[in-house]
Amino acid sequence: MLDETAKGVFTIACTPFLPDGALDLESVDSMVDFYVEKGATGLTILGIMGEAGKLSSEESHAVVKRVIARTDLPVIVGVSSPGFAAMQALASSSMDAGAAGVMIAPPHTLKTDQQIVGYYHNVAEALGDTPGVLQDFPLVTDVVVPVSVILKIVEDCPTCVMLKHEDWPGLEKISALRAASDAGARRISILCGNGGQFLLEEMLRGADGAMTGFAYPEMMADVVAAMEVGDEVWARDIFDAYLPLVRYEAQPGIGMAIRKHTLANRGAIAHPTVRKPGPKLSEAAIREVAALVERQEQRLAELRT
Amino acid sequence: MLDETAKGVFTIACTPFLPDGALDLESVDSMVDFYVEKGATGLTILGIMGEAGKLSSEESHAVVKRVIARTDLPVIVGVSSPGFAAMQALASSSMDAGAAGVMIAPPHTLKTDQQIVGYYHNVAEALGDTPGVLQDFPLVTDVVVPVSVILKIVEDCPTCVMLKHEDWPGLEKISALRAASDAGARRISILCGNGGQFLLEEMLRGADGAMTGFAYPEMMADVVAAMEVGDEVWARDIFDAYLPLVRYEAQPGIGMAIRKHTLANRGAIAHPTVRKPGPKLSEAAIREVAALVERQEQRLAELRT
Amino acid sequence: MLDETAKGVFTIACTPFLPDGALDLESVDSMVDFYVEKGATGLTILGIMGEAGKLSSEESHAVVKRVIARTDLPVIVGVSSPGFAAMQALASSSMDAGAAGVMIAPPHTLKTDQQIVGYYHNVAEALGDTPGVLQDFPLVTDVVVPVSVILKIVEDCPTCVMLKHEDWPGLEKISALRAASDAGARRISILCGNGGQFLLEEMLRGADGAMTGFAYPEMMADVVAAMEVGDEVWARDIFDAYLPLVRYEAQPGIGMAIRKHTLANRGAIAHPTVRKPGPKLSEAAIREVAALVERQEQRLAELRT
Amino acid sequence: MLDETAKGVFTIACTPFLPDGALDLESVDSMVDFYVEKGATGLTILGIMGEAGKLSSEESHAVVKRVIARTDLPVIVGVSSPGFAAMQALASSSMDAGAAGVMIAPPHTLKTDQQIVGYYHNVAEALGDTPGVLQDFPLVTDVVVPVSVILKIVEDCPTCVMLKHEDWPGLEKISALRAASDAGARRISILCGNGGQFLLEEMLRGADGAMTGFAYPEMMADVVAAMEVGDEVWARDIFDAYLPLVRYEAQPGIGMAIRKHTLANRGAIAHPTVRKPGPKLSEAAIREVAALVERQEQRLAELRT
C-alpha cells in the first residue's frame, strides 16, 4: 500500500492501442517490462497521459489487471471521474486487483478554496481507507490549488499520502510544503510531473522524485539517483542532455503522440497509435524527434566517456 | 426512432435518489407517470440536470431500462462522455433497450469551429446510425457553437436530427437556422432548454417545442399547444404566470435542488435528494419557493376564470 | 461621500453615443434627468453596461464630469482597469470632480481566495481613502468570490463600504453576509444587480436596494419602496408585471442593445447606438420588445385600477 | 514602417521601474542600448511582458517616446486594449512618435472563428494604414486562433504584416501558414515568442526570426544568424547551451521577475523591480538562476574553444 514515504520514479504509463484503436494488451506487458528495466520504482496508470478518459469502464479495468499482473512494483491508478459512483467503482476494483493506491485530479468546475477542500473531503469519504494521490495540474484542470488548501486536505484526510506536483510555476509550492512539514504538518510524498522539465530544481526544493512519462525514464531515474547521492553536477549533466527532447515532448496535446512515437521506436510498445480523438505526428515532427534523439545520444556518449 | 419531425415537449427528467444517495427506481416510475400526465411528448434522461455524471455505468443503464419500460413515449438518453468508448457503450445499450435517440454535449476542451465539427464527425462515426441530438449549452459547456458550425454538422452528419437549443442569448440563432433551412439546408428539430425562460420567443422564432425540466411541465405543454393553434395571448398569459418560478428554478447549481424539491412536493418523486456533491436548499429558499408557488396558483386561477 | 448606509436605487447608467459612435454628451444630461425622475437615489457610471472599456481615458473623464455636473445625487464611478496606475488616475480625477465613490470588479486572472484578497489590498492601497464598491459579478468576471473572502476584505479594508451583488445564484450569499454582520462583522451596504431579476428575494434576504440599469428604473424604485414599508404583496405585483421584460433585457451581450433601445424609445437618450464592437437589434427582437412593453403597460394599468 | 519582410530578432522589451514602482526612464536608455548591442534588429515594447497593463496612458506614451528617441531600430508598440478608443489613441501617438507598427492580441472574450475575424476587421478599421502585428498567444489570451482564421485576416486586412507566433504547440501552424503562402496567400512575417523555447524548430518550419525577451538576446541573434547561413549544428549547440535558462525563465507569472533579475544583473536595467501586483523572486530562485547562468557560461566557453 502506498504511503507518505514513497519516492523515486513512478512512471506515468501510456495506454497502448492497436492501429485500429483497440486496446493492445500485449504491449501493456512489454511496456511494463520496459519501464521496470529503465529504472521505474512504481507505475501510475490511467492518468491524463494514459488517455484514461477515452476508455470504457471495462477497458479501464482490463488495463489495471494486466499491469498489476505483470509487475511487483506499486501501481497507482488514476480514478478521476465526473462523479463519485464511477470513481468508487474503479478504485474499488483496482484495489481488489492489487493496486497500491489511486490518484484524483480536481474537476474543472471547482472555483474556490472551500470547494476544493470540500471536494477532497467527499473523495476521502467515497474511497474509505484507500491511499490517495492529489494531482495538482492547473494547466490541464484549470483548478489552482493553493498551498493552504493542500495543507488543509493533508490535515483533514489521512489517506492523502502523496502530491503529484505539476503546477507551473510550482517550485515555491514545494518549498512552502516542505517548510510546513518541517514546522509540524504531516509530511507527504511529493513526486513531480510536467514531463520532467523542472526535475532538477524540484529535487533541490525537496521533492521525493518524479512521476512523469517522458519516453526516456532513465533520465528521471538517473537524475533522482544522482541527487540522492548528492552529485548535483552529474544530475545537471544528465538533465541537460535530455532537456531538448523533454521540452519537445512537453508540448500540450501533441506531446502524447510524440511520447508514443518514441516509445514505439524504442520497442516499449508495438504501435504509436493515439486513440481518437487525438493528434497524429507530421513528417516534419518525426524528423524533429529523430534529430533530437540523435543529438541526445551523442551528448550522453560524450558525458559517459 | 427520433427524427427531424420531433416536436412538443421532451421533459428533461431528473434522476431520483433515496435519502442515502442510492438510486430510487420506484420514483423513476412515478416520475415518468407524472411527466406523461402533465403533457410530455417525449423524455430526455441522463442529461446534465439528470445528474448523469454522478452515476456509475451500471446505474446509468438501470435508469435507462426502467424509464423505457415505463412509457411508450420516445426516450432520448444523454450519452456525453469524456471518451467515445464510454459514449458508445451507453448509446448502444440504450438503443438496444428501446431508446429513440441519444444526446451529446461538446466537451469543454473544444476551442475552435473546426474542433467542434471534427468532434461531431467522430461522434457520428462512433454512433453509427443512432439518431443524435446536439446539445448547445455554452453556459455549462463553455463551448460556443456558431450557426455555421451547426449547419456544417447538419450537412455532414445525417444522423444529427435535433438541436437542443440553450444558448443564451440564442433567439437569433433559431432565426438563422430557420432561415438556412428555408433556403435549402436540411431542417432539423429545435427543442429549447434553459428552464423554459425564453420559450415564448423561441416558439415565435421557429422552435418546435421545449426540452427542459421545469417542475411544472404543464407550462411547456400549454405554451407549446397555444402557440401551435396561434393563440399567442393565451401562451403569454400562461408563460407569464409561471415566469417568477421559472426564473427562480433557473438559478445555476442550486436549480436542481429547487426542481427536485418541487417535484417531491408535487408527488412526482419520493425524495428531493440531490446526490453528492450537490446543493441543499436552505429554509429561506424553501419559503421563497412556497411563496412563488402560492402566487402562481392564484394567478393561474385568475386566468382560468 | 459614499458610506455603509447607502440604500435605495443606484441606477447603472449607460453611456450614450451618437449614431457615428462619438460620445453624446447632451444625452448624458437627458439620461441623468430621466433616472432622477424615475426614482434613482444614486447613479453608477462607467460600469460594464456603461461600455466603460470602450472609452478612451479622456472620454471617461468627460462623462464623469458631465454626469456629476447635472445632478446632486451621489455618483459612483467604475474604475476597474487592468492596472493600478490607470485605476488610480481615473479614481482620483473622479473624486476631484465630486464623485461619491468608485467601483472595482476583480480581473479575470484571479484564481484563489488569497489572490482576490491580495488584489483588494492593493486596490485599497492605490485608492487611499476613496470609498469603494466591490463588484461581485462572476458571470462576467469569471472570478468567484466566496463569502469568507468578502468578509476578509471588509475586515481589512475600511474603505470598502458596499457590495454590488450580482453573483448568480447569490441569495444565500446575502443571507450569509447579513448573518455575519449580525454577529459582529462590519455591516456594509448591499445593492443588487443582475438586471433586477432577483430583486424581490434579494430584499427579503437583507439587501439595501438595487444597483442595476433595467430600462424602467421605476420598477426598482417601486419594489424597494414597497419592501421598505413592508408591502410585500404590492412589491411582488409590481415585480411580476415587469419580469417578462426584465428577463428579456437580461440576455448577456445583446442586453445592452435592448436596454438602449428602450431608453431611446422612452426619450432618455437620443440614439440607441452601442459602440463597436457591440450587438445590434434585429427586427424580430425589436418586435419582441414592443410586445413585452405593451403587455407590461396593460398589466401595470390593471394593477393600478 | 514595418512590412512583411521583417525578420531577425525583435526583442520584447521590459519596462524598467525604480524600487518604488515609478517608471525608470534612464534604464529605458540603458536597456535599449543593451538590446542593440546584443543583436536586436527591432524592439517590441508595451507587450504583456512589458507590463503594459500596469501603466497609465501617460506612462505608456512616455515609454514609447523614450525608446524611439534612443534607437534607429524599428519599434513595435503593443496597443492591445479592452476598447478601440484607447487602442487608437496609443497607436496614433506612437506612430506620430516614429513607431514602425503596432501589435494587438485578441481579448479573452472572443470565442468563435467569426468573432476573431470580426475583431481584427474592427482593429484594421480603427488603425487605418498603421502596420499591425497579430499576437497569437493562447496560453495568456485564452483565444485559440486557427490557421484558417489567420489566413482570413491576412486576406482581408492588408495592414496585417506580421504574426507574433506563440501558440503552444505551434510548429504545425507555421508549416501550414508557409504552405498557404507557397500556394499563393500573401506571405507575412512570422516572428516567434514563447521565450525562445522552440526557436530552433520554428526556424526550420519557416519562421523569419524571434520576437521574445529572453534575457540573453544574443541567443536568439546567434541561432537566427546560424540558421540563416545554414549552420544547423551550431544553431543547435547554441540553443542547447541556453535552453536550461530559457526553460527556467519561461515559467508563467514569475518569468517576468526572473528576466528582470537577470537583466539587472547584466547591467541592462538598474533595478529588477516588477510593478505591483507582481511576483518577487525568493532566495532559492535567485540561487537557481545563478547556478544556471554559471553552467551556461561554462558550456558556451566549451563550445567556443
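Residue numbering begins at 1 within each chain, and the chains themselves are lettered A, B, C and D in the order written.
Criterion: a contact is a pair of C-beta atoms (placed from the backbone, for glycine too) under 8 Å apart; a residue touches a chain by one contact, two chains touch by 3 or more.
No experiment lies behind these values; they were computed from the predicted model shown.
When the contact pairs of B-D are set against those of B-C, C-D or A-C, over half line up by residue number only for A-C.
Separating the CA-averaged centres of subunit A and subunit C is a span of 47 Å. The distance from the centre of subunit A to the centre of subunit D, with each centre set as the mean of the Cα atoms, comes to 33 Å.
With centres defined as mean CA coordinates, subunit B is found 38 Å away from subunit A. Shared contact sites, meaning residues of subunit C that touch two or more other chains, are absent. In terms of inter-chain touching, the protein chains here all touch one another pairwise. Put simply, subunit D touches subunit A in their complex at residues 168-169, 171-172, 175, 197-198, 201, 204-205, 236, 239-240, 243-244, 247-248, 251-255, 282, 284-285, 288, 291, 295, 299.
If you check the complex, the residues on subunit B that touch subunit D are 111-114, 138, 144, 146, 148-149.
Taken in their complex, subunit D has these residues touching subunit C: 51, 53-59, 82-86, 88-89, 108, 118-119, 122, 275-277.
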